[in-house]
Amino acid sequence: MKLVIAIVKPFKLDEVRDALAEIGVQGLTVTEVKGYGRQKGHKEHYRGAEYVVDFRPKVRLDVAVAADRVPAVIDAICRAARTGKIGDGKIFVTNLEEVVRIRTAETGPEAL
Amino acid sequence: MSRAGKAAAAFGLVLALPLAARAWRGAVDSGDTAWILTSTALVLFMTLPGLALFYGGLVRAKNVLSVLMQCFAITGVVSVWWLLYGYSLSFGSDLGGVVGGLDKALFAGVGVDAVSGTIPETVFALFQLTFAIITPGLVLGAFAERMKFSAVLWFTVLWATLVYAPVTHWVWGGGWLGQMGLLDFAGGTVVHVTAGAAALVSALVIGKRRGFPDTPMPPHNMTLTVAGAGMLWVGWYGFNAGSALAADGGAGMALVATHLSASAGALTWMACEWKKYGKPSVLGVVTGMVAGLGTITPASGFVGPAGALVIGIAAGLVCFNATNYVKQVLGIDDSLDVFPVHGVGGMLGTLLAGVLCSPALGPLSGLGFADGIGSIGRQVGVQAVGVGATFGYTVVVTFVILKAIDAVCGLRVDEETEIQGLDLVLHEERGYDL
Amino acid sequence: MSRAGKAAAAFGLVLALPLAARAWRGAVDSGDTAWILTSTALVLFMTLPGLALFYGGLVRAKNVLSVLMQCFAITGVVSVWWLLYGYSLSFGSDLGGVVGGLDKALFAGVGVDAVSGTIPETVFALFQLTFAIITPGLVLGAFAERMKFSAVLWFTVLWATLVYAPVTHWVWGGGWLGQMGLLDFAGGTVVHVTAGAAALVSALVIGKRRGFPDTPMPPHNMTLTVAGAGMLWVGWYGFNAGSALAADGGAGMALVATHLSASAGALTWMACEWKKYGKPSVLGVVTGMVAGLGTITPASGFVGPAGALVIGIAAGLVCFNATNYVKQVLGIDDSLDVFPVHGVGGMLGTLLAGVLCSPALGPLSGLGFADGIGSIGRQVGVQAVGVGATFGYTVVVTFVILKAIDAVCGLRVDEETEIQGLDLVLHEERGYDL
Amino acid sequence: MSRAGKAAAAFGLVLALPLAARAWRGAVDSGDTAWILTSTALVLFMTLPGLALFYGGLVRAKNVLSVLMQCFAITGVVSVWWLLYGYSLSFGSDLGGVVGGLDKALFAGVGVDAVSGTIPETVFALFQLTFAIITPGLVLGAFAERMKFSAVLWFTVLWATLVYAPVTHWVWGGGWLGQMGLLDFAGGTVVHVTAGAAALVSALVIGKRRGFPDTPMPPHNMTLTVAGAGMLWVGWYGFNAGSALAADGGAGMALVATHLSASAGALTWMACEWKKYGKPSVLGVVTGMVAGLGTITPASGFVGPAGALVIGIAAGLVCFNATNYVKQVLGIDDSLDVFPVHGVGGMLGTLLAGVLCSPALGPLSGLGFADGIGSIGRQVGVQAVGVGATFGYTVVVTFVILKAIDAVCGLRVDEETEIQGLDLVLHEERGYDL
Amino acid sequence: MKLVIAIVKPFKLDEVRDALAEIGVQGLTVTEVKGYGRQKGHKEHYRGAEYVVDFRPKVRLDVAVAADRVPAVIDAICRAARTGKIGDGKIFVTNLEEVVRIRTAETGPEAL
Amino acid sequence: MKLVIAIVKPFKLDEVRDALAEIGVQGLTVTEVKGYGRQKGHKEHYRGAEYVVDFRPKVRLDVAVAADRVPAVIDAICRAARTGKIGDGKIFVTNLEEVVRIRTAETGPEAL
């Protein structure tokens, strides 16, 4: 099993979730994060004090899937999250050694 | 006597006897003045921070400051406009029943000793100003989250000049509707019908928010909205009971009517939600309260307690269904439901005022028809003319104003701005950094 | 003359001379009316949004809307109830000193020209209504985060009818406690003892919140609580100084007493915390302020500035220790500490009023005993009877009401709802989406 | 007649005829009393919760409660101090034009029947107290996020005694500046110059916040700030129009001036930001509004509507540039910009009052010079003396007070506390748990 | 060393933390996340607009432990977090190649 | 490629970000988390109720880098985040099997 971690633009969250549901992904976990990268941040002004905020709001999705589903998952995320503008985000894939469903204590792929 | 009557009488005399103005000083009643000073504070409080918080909580977090900004900027712009010529257009000497002259521009003649009724004219002018502020403030709920800030400013000046001032003159400044006997105690037509009609037109001209209605756009901070709602209720005491322009039994009865209608509106909307959706919500309760308040506004000085209860219940029922209809059936993105709550409520209340003012309805009796009107039928006829004329005029002029602004400098922000939020892009600020 | 006296006198005359009512118009003082109109707004402001925010900030984020909802719904329900028969039960013609008759049901006789003392009776009735609203509002702090919304509504109607209205009649409506000479200027017994006693019973009947006291349940938004606290302080000016029912020196002295007791209560609680826990907290300061305000309430029109200072200090000391005792020793989950702050404060203040009203205490002198009472001993005796009767009666009747509601439709939400939060499950809304 | 004149006249008579005090009762005007009772509530509202929220929103989330705590504690401390001897130092019988005597300590002689002008002296004393509360409240913006809580308390007592009370006496209590003809209607020198000067000194003595100016320290919750700003605007009606000490045309004109200057200040600041930074911000608009209000304060009862507009525009321009200058050029961490907004605004307004009070400026005419002064030149001279004396005196005494506190118990929290935030370390509370 | 990632119901956080402390786990990191899975979301109603919110609030615990402690950790989490109702959550295990304690620059198991 | 996960004190975030930028790290993702460890929590007091809050606010940085950059990254984080007081935080390193840049569909090191 693999854990696919995607960092995407917040307003794309619903589309990505739907794209994943369509290819049969049944669960995922979302975290609000702040991203720092090539995409420029923004300025804020308060009574003559100017702050440059380098971090941009992003959401992180963690999706655990069977190893053979990884290409399809990556593909679905890319299609749904892409705007073509800088800052669209990244996908990271790591290996998952074990998965447990807490409710049933099932392990392995059937726990997903 | 209604506000229109009182005001007109006072102005008539002031105009007739300008040299005698100083001698009027004795006519100022300190108690009445105290109450209208207080009411002026209460009505300003309705907008700042009342309406600002009420509306601000309902939009998404990325646009909260844009709403607060618009409320403050509208207050500033309308206030200066009022001094320059807005007050005069509304309450200057009558030009053919249609609009006021420029004789009071720059508050000419509104000195320390000028009197209006039993209060200083300065106090009258400021009290009226607070109404002129909140009316365009209400409209911004329709185009929230997508209108350019510069367009909001242009809209405010043009709309105040071309819609608010003339309609105010028609009803309260000695114009044709007041002369005809229209009963509008505190602004059913002047404030709520104009705001509601303008909201409807604005929503249609500027178009839906990106994603409406599929993307959820829940209120980002209901505690702001509820805080603002409480302030609106309290401030409305000044709006309606202050419109008696005196601290007397008339003000007291207006207070009773206002409070009961708000309560009944809130409970009725709650009941409707409970029945239709299985659960009552706090947004529903406060919306029903606002509907009850908007609807009683024109009637507040003319009906009795039981009449007010009827009006509040009607407000809850009708505005609840209107809100669902506009959103679900018509699919119009009047973002903060200004038309179904204020517009529909204002029309309903103005019509019901014509019925429930009748002194011959037993326990539902009110305080009487307008001078020279003798039956419910005739009074309701006048009310209908008032509603129709105000609505029709506002729709047409608002449409023209919006189209003109769009042509000259654009109404709507671009897509990128809408996605990122108006706060950051237009104002370089964020609402929260918790 | 106390409020009870003034009101009773006015009503007596109105009842004796109904046909002469119109002639009373000259008796309305516009200044007094202006101040009571304002005070009515101030006391409504205490509940909406004052108390709503104060309490709302103290609960967990998942229940904030349920508290705001209850405050609004209680306001609506009590207002309609007041019109229907609540006002009449409280201030209608006296039936044996125990309760008012139904002669004022539906505000019968409370027309535009009806007068009470020097103000329109409409204004008197609305001012009193705002007290009837906040009292059950205070109680909800005891059962916050776990009571069914429908049960809250039933409780409000029954409790207002069976507890609030009769006790109000006893004290202010011409009933036995007022006749006996009980000094309760603005609601030490009527508002605070009844609310506190009902809170204690409610907390015991409904039981602790799931997890209390092991799970931390810190306030979710102290800025709401502090904002609400500020509004309570400001609004209390209307509560106490408005209870003079006039804009005169009596109102001024009540204002002084109110403000000083609030200040002293806040500083005393702060000092207690600093001593006991090493650090003063803002929640402590505002709680001390509320304790000071609740405790001065019965005494505010009867004591002098130095007496008020003493009462404020006593309030801080006693209510601070009572809060710790109820929570730590008795282990009662009176969730927002209604009993130790309002109940204990109300009892303390009512008793101290009997002492510090004495005109013979040197710099601590007050403004005198009740008519016909000549010594501290006798006055304190009357005060004790008032406190005891109010407390005992409220405890018994509240217990019966809660048990009845529990039997018929259940008081408490189920465990799943309590875990998820009342906002989502009962109202399908969330407080924040930041 | 200015507040100083009215008050002095009233006190003179009270002192001359103490035995006749009871006979004065007839002199109380219920309408004036109603308005000053209301104004007292409005000015308290400016501090609690107005200023508390305005300032609280501007600091970082970890320090929000410390600001709210300081506002409440200052209110409590100043109130008790006012009763003990603060009122007497300010308004007691004049000692050589410099300070009041102790004859009114513990409110001696301020009984139920004492009268000041046309209102009860209790009401006058409480109204004045609310000014004494907000002035040190304003100062705390300068040292926010880093001052020890105990040091804040010491500072409050010492500063109120050594700065606020004497300056109040100079200007309004019968002291030398009032005698000289200084026009300060509602506190340009007494409130804003003293607060601004103290802020500047405080910022310099306590030093910059850790990380200033490199680390971003954006406001943590602009909705609080904007809510507080709205409350300040509304409350300022009581501050300025209440300073007429009557509900008459003078109050009305002060209201007009106040409102217009706030509006003009807001719009001007907005325009400056738009020009300089390309985007207008809501913090800018509300800051401009506060600058407009602070600047009109000394002038509000002396200028006409057009004069008020000029003052508001000047306030926006001058305070905007002053804020940038202090922060960017001087690099002073006056954290919430108290000096450039209140100090500079207060000085500017006091000077402009000397010009725009002139009755001979055509449409810009005001209501006349101080008694015995006949030209703009002489009036401005007096105003300059008032500004200079107040500023200089405040700077010196504030410096001494701060150095003394620092020597005895330390002014500033340690670095660890500053990093973790004052809320947790000093008060063991957190603002939010959402 | 392994990184054990657990997604659990928020109100179970304290119990899980206590259960881990009991078996000697000395540190962990908690993140507030939103979960999407078999457990149904909730509806929200605002003036006639009905929104279905599919995401449920969850908390994510990251616990770094020596490899041989993994079964005990999984067991402790399962016991403490289980309610038996759908939505109890998942446990994921990944491999940790290195651990560093910033304060001391210690690495490996003693950095935990 | 490796994913370096660092848990640090919040007020050190800017310094760490700058230190990483200096050694050429171009992107990272930040999450607000709560940490539980040797560092003691704090007490909170509310009207006589005393709560001990064991969790401390921390920030988590996720930095994906080529394998050979890991020592430099660890070193930069340690230097910038260290205060020498307990609670300075941890660094965890896991293996990344794949990285994708959503905008361009680039994969591997050039996607970083």
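When the chains are written out, they are named A, B, C, D, E and F in that same order, and each has its own residue count from 1.
Throughout what follows, a residue touches a chain if its C-beta (ideal position, glycine included) is under 8 Å from a C-beta of that chain, and two chains touch if they have at least 3 such contacts.
Here the structure is a predicted model, which means the values were calculated and not measured.
Peer 1: Please work out which of A-B and B-D is bridged by more C-beta pairs in contact, and write that pair.
Peer 2: B-D
Peer 1: How many angstrom between the C-alpha centroids of subunit F and subunit D?
Peer 2: Roughly 47 Å separates the two chain centres.
Peer 1: Hey, how far is the Cα centre of subunit A from the one of subunit D, in Å?
Peer 2: 52
Peer 1: Out of subunit C, which residues touch more than one other chain, so two or more?
Peer 2: 29-32, 34-35, 38, 218-219, 221, 227, 247, 277, 279, 281, 283, 428-430, 432, 434, in rising order.
Peer 1: Please set out, as single numbers or ranges, the residues of subunit F touching at least two other chains.
Peer 2: 31, 44-46, 94-95
Peer 1: Write out all the pairs of touching chains, ordered by chain label.
Peer 2: A-B, A-D, A-E, A-F, B-C, B-D, B-E, C-D, C-E, C-F, D-F, E-F
Peer 1: Over in the complex, which subunit B residues touch subunit C? Could you list them?
Peer 2: Subunit B reaches subunit C through residues 29-32, 34-35, 38, 42, 60-61, 218-223, 226-227, 229-231, 233-234, 237-238, 241, 246-253, 255-256, 259-260, 262-264, 266-267, 270, 277, 279-283, 285-286, 289, 304-306, 309, 363, 367, 432, 434.
Peer 1: Can you list the residues on subunit E that touch subunit A in the complex?
Peer 2: The touching residues are 2, 6-8, 31-38, 54-55, 58, 60, 70, 74, 77-78, 81-95.
Peer 1: If you look only at subunit C, which of its residues touch subunit F in the complex?
Peer 2: Listed in rising order, the residues are 213, 216-219, 273, 277, 279, 281, 283-284, 287, 323-324, 327-328, 337.
Peer 1: Flag every residue of subunit C that touches subunit E in the complex, lowest number first.
Peer 2: Per the touch definition, subunit C meets subunit E at residues 215, 419, 424, 428-430.
Peer 1: Applying the document's contact rule, which stretches of subunit E touch subunit C when the two form their complex?
Peer 2: 11, 14, 42-46
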